[in-house]
Structures are given as structure tokens and as C-alpha cells.
Amino acid sequence: MPQLASKDVLRADQFSKDEIEVIMNLAHEYEGALTDGRTLNVMEGQVLCTLFYEPSTRTRLSFEAAMLRLGGQVISVAEAKSSSASKGESLCDTIKTVEAYADVIVLRHPQIGAAKEAAEATSKPVLNAGDGAGQHPTQSLLDLYTIQKEKEAVDGLTVTLAGDLKNGRTVHSLALLLANYDVRFLFVSPGALSMPAKIVDRLREAGISVKMAEDLAGALRESDVLYMTRIQKERFDDPSEYDRLKDSFILTRKHIEDARNGVVVMHPLPRVNEIAEDMDDYSGAAYFRQAANGVPVRMALLALVSGRA
Amino acid sequence: MPQLASKDVLRADQFSKDEIEVIMNLAHEYEGALTDGRTLNVMEGQVLCTLFYEPSTRTRLSFEAAMLRLGGQVISVAEAKSSSASKGESLCDTIKTVEAYADVIVLRHPQIGAAKEAAEATSKPVLNAGDGAGQHPTQSLLDLYTIQKEKEAVDGLTVTLAGDLKNGRTVHSLALLLANYDVRFLFVSPGALSMPAKIVDRLREAGISVKMAEDLAGALRESDVLYMTRIQKERFDDPSEYDRLKDSFILTRKHIEDARNGVVVMHPLPRVNEIAEDMDDYSGAAYFRQAANGVPVRMALLALVSGRA
Amino acid sequence: MPQLASKDVLRADQFSKDEIEVIMNLAHEYEGALTDGRTLNVMEGQVLCTLFYEPSTRTRLSFEAAMLRLGGQVISVAEAKSSSASKGESLCDTIKTVEAYADVIVLRHPQIGAAKEAAEATSKPVLNAGDGAGQHPTQSLLDLYTIQKEKEAVDGLTVTLAGDLKNGRTVHSLALLLANYDVRFLFVSPGALSMPAKIVDRLREAGISVKMAEDLAGALRESDVLYMTRIQKERFDDPSEYDRLKDSFILTRKHIEDARNGVVVMHPLPRVNEIAEDMDDYSGAAYFRQAANGVPVRMALLALVSGRA
């Protein structure tokens, strides 16, 4: 039986497969309680501090809702930069203070490694809610939970990651997390924005089949899951290259006609225009259900690292 | 018996008179509980999200206090513009995400129609806490509650609305809401800022007596209720017109000497200088009691739309 | 038995010694409950409003954690300036509104006297969480609590206050509070930043021994407690004077070698560089424990002024 009590949640690839299963199962149990409207008191008397050095409404609200649904309470700094940090305080000093106020800390910070630094400064559990271009492990866990829920089993699936695969921490973390399962990857991106070789190598070493492509429509014909991300103009050295490619990375209802039956469409949100609105009533459009899954998954993590489950 | 469960609260004129009475009676009951210090658990296990795209301390705190007094919990975005919206997310997408975190949503937004748009995006109840120049229905309901409480009955009263009647959504909504009762209106404003013909017509069609005037002192001699709002210089095409009129729209204790006995003075707050401070210890100065009434009225609305009352 | 119910907490020097002892003893009791993980319901059904006109993460979170640990609830304005105040509302009007939403108010404001003004506007208890260059009484009480806890008894101690003693409200308040005990003071500062004569006079009138010095190392040889604050370049008329002195007001581990055995080092935080990081693992470095003591001390104050203890 894996022990997550007092552990930090810093990276998507820190978990053993057993630990992942424990998280998924507990999230599933909590989702049932939410659906039935059962009140939980798992975190009664506990206080969560959400400490956000850059705003992220979705992630912050989702963690806070998770804590409240478990019967806990929340203190929050929605925009930490305007306060102590601006007075020149180091992150470590802030954490060593906040640990006296809260039992568990959720940190969002623009710098890679900030969550690790915070975790080393305190004995209280720290959950990484995004550290710049680094990691966003709870996003990856809710992505995995969504795939499992939408498709019942993860083993055997063909998963397509599409868009900007070079800069997206979300797709990097998800790819590494899915390497615990028997999946097949299609990576669809402009050549300039392809998945880093380092990650492709790690996947192949783990025995995972990886295929690169530039054609979204073609990939959709063999995909069980499509995970879309946005490509941004400012990532291209050559703007004409962006203009040539941008339309082929906008998913519309038209794409679904030729896609594999039942393909599940995911997106970390917020979207701008990379998924057309006509996709929203497609039954496999899972991105809002995916966001909703953040609550039970984060409930599971909060309860486990607090030793309450 | 009117059914408000799962309904949205979008406009002051959406309610039948029966529904208004249900809200008023429940607010009265909750006010009694607050006065007696009785703890309520009507909203136990429920989460409210206050989503404010422009700051409004009074309205947000009042909703949050209402939810907490009912035993519920709150997640909050006090300044939504700095977050997802700035990343280009549509209001509908934000709402479709937030609905997964909360059981009921209170929205403040600078654009007319935003609350309606939000309500159409979700099956969870949406309460409009102000949509730009549009509506602010919970303000109107607490205004009505205040009149009823200060004067015991609404029927038979002469109600004066004074100040900028052209641009004030507060006075528009309140006028329409009071059209459910047997009241008589005096509209006191500079000619350039008079009540829109559209609203005057609707009131007269409903059989309500409406009289326009420019003289506040004269109106006070026959008013049971005076509802003050501010006139702002920037609303005038001709600044000399503003200078000529501004002082006559500042209410002082002097006005009360010649006013009808027991006239109740109201204001949506914040005030700048349109009610002099020497008014504050006048027994009929009801504006702070009015703000306080926001709590029981919003408690009633939260409980009713949640099907908990 | 002192009565603190319904009282405001505005100044560090408002309390009688009996009242101070009541606060310290209750804080000690609450700290025990926190340590044992006992859930308290002292403030059940009560709502605290934290109203901050300038951000202060540490103070706000500490008050909010205190309220939640007592079983109460919180509504909060983390940056009040962006809201009603910017619409021209007076502090008094804001307070007269907020008093309808909350049972107790914690106010942080950049202007001296703001807390007193707020307290006069409402019958609800107001706790001053810093009013500009004025007072910050809860900081002083937690400082006192820390000294008592680290040293067991306050009487007989030699307490050194060091750094900018001219402008620091923290050191002014603490000095006056400690005047209730049999202490001896060393005030170590650059001549231009020495403790105001007014405060030195009050201390001497109370029979307290006060000695001024410029040499931190020398003072440490006879200190039981060292309370460090920062000296800032912009406080000096002559920048070369700052350059000459700044290094002598940076505390390093080296200082401790020649210091009195067991000297307790305190700081109100945030620190910038006035205490070197190599001090952090010195057993007498109490500044993070000091910050943590803010929770039980503020719990005691909240419970006492609310008449719940």
C-alpha cells in the first residue's frame, strides 16, 4: 500500500503506478460523494493556503472547492506578487511563515523549481500548481483521470497530443504520466514546435510507440483521444510559417466526421480559438468535464498528503 | 406557491408579485435569525462562487456573508479581469468551468446582458450582481425590503426618486419593481437627466401615477420615501448647467425641516457628497440599514434558487 | 477579571497588565489546542471581515487562520483601495456598511488614526492591523508572547532593539508594551535613526533603564533578546552615512559567537538582508516561531473582543 501522507506533489513523473491507482480510485470515490451530494468531513479542522504568484482562476478555485468539499477551510493569496514578495522577501521566508498558518500549501509560481524550493523549506505538504515552464502535476493527474473515465481503460489507447508540443508543460507531463500505461502516441505539431527529443527518448525507452506527424486530420482517423493545445504566433521565428499552419491546428466539427468513432477531445483550458465553438455539443468533447474532474482529483491529493485518507 | 428553485435572478422585473412576497417573507425570517444570533445550516455543504469582473466590495461581501450565515461556503474571484479573461477566455467558457466548482454563481460584469449569457451557459443558478448599465436585481429587492421594513406597508406611499434618473440602473429597476404596488412616484432630476420615457410609459401603463419635477425641497413636502442618487458632472453636455444645479441635489439636514414627517431617506451607496454627513443621525436616514438589509435578502435568494427553502 | 468584550484593539499601550496577562494565557491555551490538533468552535457562527487598504499577506493570513481555527468564517478585502474607496467613499461609510456583514473587523490602513476613526464609526469590535506609521498592536502582543515563550519570564531580561528605531512603529509599540515589565533596554541604531525622545522619556518615567548605543556586537554581549529591524537607505539625509553604517546592522552567525549565551533573535518580517541566512539554523533564531505565534495571539484577541472567552 503506497504511503502519500506528508509527501509533496511536485512532478507528474514522481508517482509509481500503484500511487497513481490509489489517487485515481480515491478521486473516483469522492466524485461519487459529490454526485450524491454527500457532505464529507475528511479535512475538518484543516486549513489550506493557496499561494498564487501569478493568477490562475481555474486552478485556484478548483483546489479551494476541493478543500471546502472535504470539510476543510481555505486562506488565499490570489496575487502574491503584490505583497510580501514586492517587499523583497524570499520565497523560502514566505513559505516558512505560511506553514504556521496552514496545514497544506498549494503554490503557483512563474519560476521553474519554485515548488521544489518551497517543499524543501517546510515540513508541511506542498502541492505544485504550476511552476512556470516546469511542471503542473495535478493537471496531468486530472487529464489521466479524464481519459480513464471517458474510455474506461487507458491500456490499448492511441493518444494524440496536438499543437505546440515544444513549449507546453501540460503535454510533457501528461506524456510522461501516460508512460505508466500501454498507450501509443501520435505527436502532431508544426516541425518547429515538436515534442522535445528528451521526452520522446524517455517514452521510447519505456517501450512506448511514438509517431510524429504534421497532419491533424490524418491523426484523428486513428486516435482514441485527442489532446489539443494552442499554437501561438510569437513562438515562430518566421511569421509566414505561422500563417501557413495556424488553420490546420484549429479543430472544428468537420474534423470529427472523418475521425475514429468516439474520439475524446481534451484541452487544458482556457481555449482561445483552437477548438471551434461548434465542437462544444459533440458528445466526445470532454474539456469541460475534464476541468470538472479537477475537483475530485485534487480532493484525493489533499486528503492523501494530509494523511486523512 | 411560487417555485424559484434552479431559477436565475437576472432582472428586477422578472418576478411575479407572489414571488416577491416569498422573497420578502423569507428575508424577514432570516433577519430574525441574524438578530437572535441563531446559526443556520440551510446551505450546508453548498459552495457559492462570487465572480466579479469589476470590483464591488459592498455587493461581494454582502453575498459572501449571506452564504456563510446560511452555513455554506464561498470561493471567490474578486477581480476576474486579471485572470482567465485576460488570457482571452470567453465568459461562457469561464462559466462552464466554474459550474463544476460551485453550486450557485454570483456574477458582476461590466457588460449589459452578461448575466443572461452566463445563465444560458450553465444549469446552475446565476445571480446577477450588476451587468453594467443593465440590471442589479438584488439591489432592487433589498431596496423594496427596506421600504417595507421602514414604512410597514408599500401600498399608498409616495416615493421620490432623485438625482441622475437617466443613467442610474438602480432607480430604473426599483421603479419597475415598485410597479407591483400601489405607489405614487415623484421623479426629481435635472431636465437632461430625467427618467427615460420608456420606463415612465411602462409605469403609467401599469396605472401608476408619475410626476416629474426639478425641485427637491418641494418634492420632500409630499414624500414618504426619498431615494437619492448622485449627479455627475461628466453626464452634462453643458458644464455650466451642472454648476447651476449641483447644489440643489445635495441633501442636507435643512431639507428635512420642511419635509413630510418621517420621510425615509435611502441611497444605494457609496455616496460622495450628495447626502451631507449631518443627515446621518436623522432617524429616517435609512441608507446604512438599507445596506445591511442586503444580507437577509441575499440569504433568501440564495436559499430559494438552491431549492433549500 | 478584565473585561475585553466589545472592546477595540487600537494601540499596544491600551492594555493594563492584567489584560495583557489574560491575552497571553488564552493564547497559550489556544496554542496547546493547535498543537494537539483539537478543533475549536469558539467563534462558530461568527464572521470576521479583514479589510486591508494596503496588502499585508502575513498579517491578513494570520488573522484569517486564527478565525478559521476558532470555527469562525471570514470575508475579506485584500486590496480595498481598488474598490469602494476609489469611488470616493469615506472610511466611515465603508465601516458602517461592513459592520452589517461581519461581527468583528480587522483593518489595515496606510493612515495614522484610521483604526480609531473606524472604531468610532461602529459598535462592532475593530482590531488595528497597522495604521501607517501609527500602531500595530497585535504585532506587539505576539512579540511579547514570543519573548515570554522563548525566555519563560519577561522580568529581568535585557532587551535590545536594533536598526531603524526612529521610524519603526513595531519597536515603538513593543517598547511601550514591555514597559509593563521589569526589563532593561539597549537601543542600538545609527544616531540619525535613534528612538524618539518622547518614547525614551515615557520609559524612563516608568522606571525602565534605557541605554543607547551604536555598536551591535557590544550590545549582544549583554542581551537576552535582540529585536532586529531594517535600516533603509532612503531614511538617511547623507547617503555616505548609510554606506558607512549598513554593514554593522547586518546580523550574521559571527555575531552570535560573542553574544550572551541563548540570546533570542527576533524580527517582525519580512526581512531583506538584515539577518543573514546563516542565522536561520541558530537555535535562538526565533523569527519564524514569532510569526507563527501570531495565530494563537490573534485567536485570543478575536475570542476576547467577541465575548466568546
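A, B and C label the chains in the order they appear, each numbered from 1.
Here is the rule we use: a residue touches a chain if its C-beta (ideal position, glycine included) is under 8 Å from a C-beta of that chain, and two chains touch if they have at least 3 such contacts.
Since the structure is predicted, the reported quantities are computational estimates derived from the model, not experimental observations.
Visitor: How short can a chain-to-chain path be from chain A to chain C, counted in steps between touching chains?
Guide: Tracing touching chains, the least step count from chain A to chain C comes to 1.
Visitor: Between copies chain A and chain B, what's the superposition rotation on C-alpha atoms, in steps of 5 degrees?
Guide: 120
Visitor: Using mean CA coordinates as chain centres, what's the gap between chain B and chain C in Å?
Guide: The mean C-alpha positions of chain B and chain C differ by 41 Å.
Visitor: At which residue positions does chain C touch at least two other chains?
Guide: 78
Visitor: Would you tell me which residues of chain B are touching chain A in their complex?
Guide: Residues 44-45, 47, 49, 73, 75, 77-78, 80, 82-84, 87-89, 93-94, 96-98, 100-102.
Visitor: Which residues, counting only chain C, touch chain A once they are in their complex?
Guide: Touching chain A from chain C are residues 37, 39, 55-58, 61-62, 64-65, 68-69, 74, 78-79, 269-272, 288, 291-292, 294-295.
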